[in-house]
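Two complexes are shown next, each including chain A; its partner changes from chain B in the first to chain C in the second.
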Partner chain A sequence: MNPARTLMPLARTEELVVEQLPDETLVYDLKRHKAHCLNHTSSLVWQHCDGRTTTAQVARLLEEKWGLPRDERIVAFALERLRRARLLADGTHAPGDGISTSRRELVRKLAAVGGLTMLLPVITSLKSPLAAAQASTTTSAQCNLCIGVGLPCSDRPGKVCTANTPTQGKCRCV
Partner chain B sequence: MRPNARGGDARENGRLVAAALAGAWRSPAPPLALSPADIAEITPLLVRGGTGPLAWWRIRRTELQYAAGARSLRDTYRCDTLQAAIHERHTIQAIAALRSVGAEPLLLKGWAAARLYPERGLRPYGDIDLCVRPEQYEAAVAALTGRAAETGVVDLHRGLPELYRPSLDEVYDRSQLFPLAAEEVRTLGFEDHLRYLCIHLLRHGAYRALWLCDIAVALEAAPEDFDWEYLLRGEQRQSDWIICALRLAHELLGARLDGTTAAGSAKRLPRWLVPAVVRQWGTREHYMDSSTMTASLRRPRSMLKALRLRWPNPIQATVGVGGPFNELPRLPFQLGECLLRTAHFVTQVPQLIRQRSVGPVGRGAHTPVPGERSR
Partner chain C sequence: MDKLDRLGWTAAVCFVCHGLRIGVRANTPKVLDQLLELLPPGAKPARGRRVQRLYSVIAGGAKRGPGIRRFNMLYVDEVRLVRSTEWERVRTALEMDLQLYVAEFARRRVFVHAGVVGWRGRAIVIPGRSLSGKTTLVRALVDAGATYQSDEYAVLDSRGRVHPYVTKMSLRDSTRAQPEKVHPETLDWEVGVRPLPIGLVVVTSHRSGARWRPRRLSAGRAVMELLAHTVSARWQPERALATLRLAIANAKVIKGTRGEAEEIADALLSAAADGGERVAASAV
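And now, the complex of A and B:
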């Protein structure tokens, strides 16, 4: 790996809601309205996406904290998952290009060292908390009051309550 | 008893829901004596009732965490944890918007109830219930108009008639300020908060188990100087309702009542009340989760179902007609409530049609209508 490219990329910080739980990190993307759950290893990798720490240092941290083999491919694997979830800052690269980060290969390696596959960096998607929090449907009358934006309109099949339509700042079932 | 959609019995499932939630808000939560099959059976009911996170909180350190359905409870907990953070931002923005026009809002339920739980995310949120003084209402609506993206969905209340207090000034005088991020949030005083939760639970027929958990949590978090006399002050009928709600929290969820006025009250729960509540909790369909009546009017095939779902449960009917919780049959109350609701619906139709023809009026207050979710 090119030494210049072994620095960790920058984590995205804008328009995210982050909740740290004892076992995992929850992230809500306010821009794309997607929620993610990072397990402890992907969470640790994300926390060190500061543009200063090296991938080797993070691999060592994973070893010290979770007993994973000191292998930069695990870091690269996590970074690739973070990039796909759009949790890295725009314009930063995820180091590891050219390094094999196949999940199958990593699983095989971790299984060989005492069943550590559960520690493989994982990012899972959750359903959108905003959608889940509100009623499952709205009506056009409620939508006209901007109540239930983003929800299907029960009295207008196939229509969704939408804000900022051409009549700026107002809501309609469209 | 009517069999439930998946073969279980509504009352039996409702009792399992109550067992799963009894003391679940405590830290540490007490052990749970349900089987993995029970958990799998009631998971959809727990999630629908807004108590999925609480159930997860209770089982997460036990073998039941591996039960079928437990993953769904965990996901609900995760989802509600994130949603709590978003909701708090919205609450702050909504309060700031109202204060910018000189209206001082009182936050009802929502964060005011959730802050008493041991962890963020254990109590889910819906819309943001804010009350302003009647004379500030129009300005408050204008302040919120077009700001849905910042404030979320706000249910703005013109005063608090549902609290059955003669003076809103006294309610404000007893209100409390709590810090939330950089803002201070004004909530009802502890006694009014508990009173509001009790009346709200009964007005909506105790449909969501979460509302009874809110009462249990508030009851157990009551400060030493809690004013029981003030909580129950006012019409005897409402005082009896409140005692009923508190006793329900004790009987179904094991909320601690020792040494309280409610414990000393000679009033017994009517025999029909607990079965009516557990049947609500064990039922998989409810009008609050279905389309509105207006929407059903456009689809005649769904009318019968909509009407069946809207047959008032005995609790809702009793409160709806301002009746007493006693041993008398509930049918007259249910018929009376049905008539009242039908009359109300008919009077609302012209307004609903006008809203549709006038078009958007911007974001603001609304009167909750059947079919709308409330948390």
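And now, the complex of A and C:
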């Protein structure tokens, strides 16, 4: 890794709600209405996205805290996942650019050093649901607005609101 | 809204539900009386004329002659929600919209779409979308001795406890196109009256013949599973996350595909009683 580019990028801070759990971090993206659950390793990497810490320092922290092999590729892998989840500030470079960070390769490496695959940086994401999707039934009027896809229709017995297709344009109860 | 206000409204009611002031008005007192039974649990009559949401219901009445259609109408503030010759459509839409509105904007509660039963002073919460088998599992758990708390929403307070939310249950079966609405008290079920801390969260869906082999979820994944069914997730994500975190602080959260509800009811009650360890152990 190029020493000039080994500083950690900046974490995004705007329009996020962060809830810290003992080992994990929950992040809600107010802009995209997406929730992310960062496991312990990706959480630790994200906490050190301050533009000052080096990737080598974070790799050492991962080794000290979780017993992971001291490998900057693991940090780069986590940063790539964070970038995809849009949890890094816009315009900051990802130090992992150009480094092979395939998941399969890391799993193989971690498995080789004693079944540490559970420690792989993972981010679980969820698109926050619309309130109407939490109803027990929908109506044909709401179905027309593509709200309540998959719910049984209350005014057309036996029908279910079905997702739209490009040719139909709107959802409908079928 | 002015045009709507000029119509002849002869009956109106104002009520408060979870901190929200809601009004319902109708063109005849008899119609309003019919609608009062649709108010969500926790609704209390209130004085005053100012409301945050106003439902206006016009009952079309009987057909008076050939070529004349008498529509029943439902408006939410100035937006028309239903226009139909079938009165039942208005009732269903009003009931559904009232429940959703309260669930989304309640001031001090977080509503999670879930079935809930009580067992030995703790709640078993079963989050899930419609048709995921929540009611069936709630029914099996109550038959196995649990106390009915809710079939529709887990209502969480700021301490993460679940409050009872007793409404008519929608019992579906293959012989009927529309679900049958039954009040739990008519089934002689024991109905919970107190808020309970959560002991067990069961994230499950039904697949015929599936073997029950649940796995434990981490706290973060557990909050995500509940957030996926939280009505106010978009409106108040900060409060939703904080409340859900508290709610599962002392709970076990398990996930798995189940077969028939009766087959796992006893296992779930045992798991709730011993903190989920037994079910988790059987998964290993």
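One rule holds in what follows: the second predicted complex is superposed on the first by the 127 of 174 C-alpha atoms of A that agree within 3 Å, B and C clash if a C-alpha of one lies under 4 Å from a C-alpha of the other, contacts with A are read in each partner's own complex, and residues count from 1 in each chain.
Following the convention adopted for this analysis, contacts are C-beta pairs under 8 Å (C-beta built on N, C-alpha and C of every residue); 3 or more make two chains touch, one makes a residue touch a chain.
Here the structure is a predicted model, which is why all the values come from computation and not from measurement.
Look at A:28: by the touch rule set out above, it reaches both chain B and chain C. By the touch criterion defined above, A:39 lies against chain C but remains apart from chain B after alignment on the C-alpha atoms of chain A. Touch criterion met: A:126 reaches chain B and chain C at once. When both complexes are overlaid on chain A, the residue A:19 reaches chain B and chain C alike. Shared interface residues of chain A, touching chain B in one complex and chain C in the other, are 17, 19, 21, 24, 26, 28, 30, 35, 37, 126, 129-130, 132-137, 139, 141, 154-155. On chain B, the positions that touch chain A within their shared complex are 75-76, 78-83, 85-87, 89, 120-121, 124-127, 146, 148-149, 153, 289, 291-292, 294-295, 298, 352, 355-356, 359-364, 366, 369, 371-373. In the complex of the two chains, the chain A residues touching chain C come out as 17, 19, 21-26, 28, 30, 33, 35, 37-39, 124, 126, 128-137, 139, 141, 150-152, 154-155, 157-158. Those residues of chain A whose C-beta lies close enough to touch chain B in the complex are 17, 19, 21, 24, 26-28, 30, 35, 37, 126-127, 129-130, 132-137, 139-142, 144-149, 154-155, 163, 167, 169-172. Chain C makes touch with chain A in their complex at residues 81-82, 84, 86, 89, 92-93, 96, 99-100, 103-104, 111, 113, 129-131, 152, 170, 177-179, 218-221, 223-224, 227-235, 237-238, 241-242, 245.
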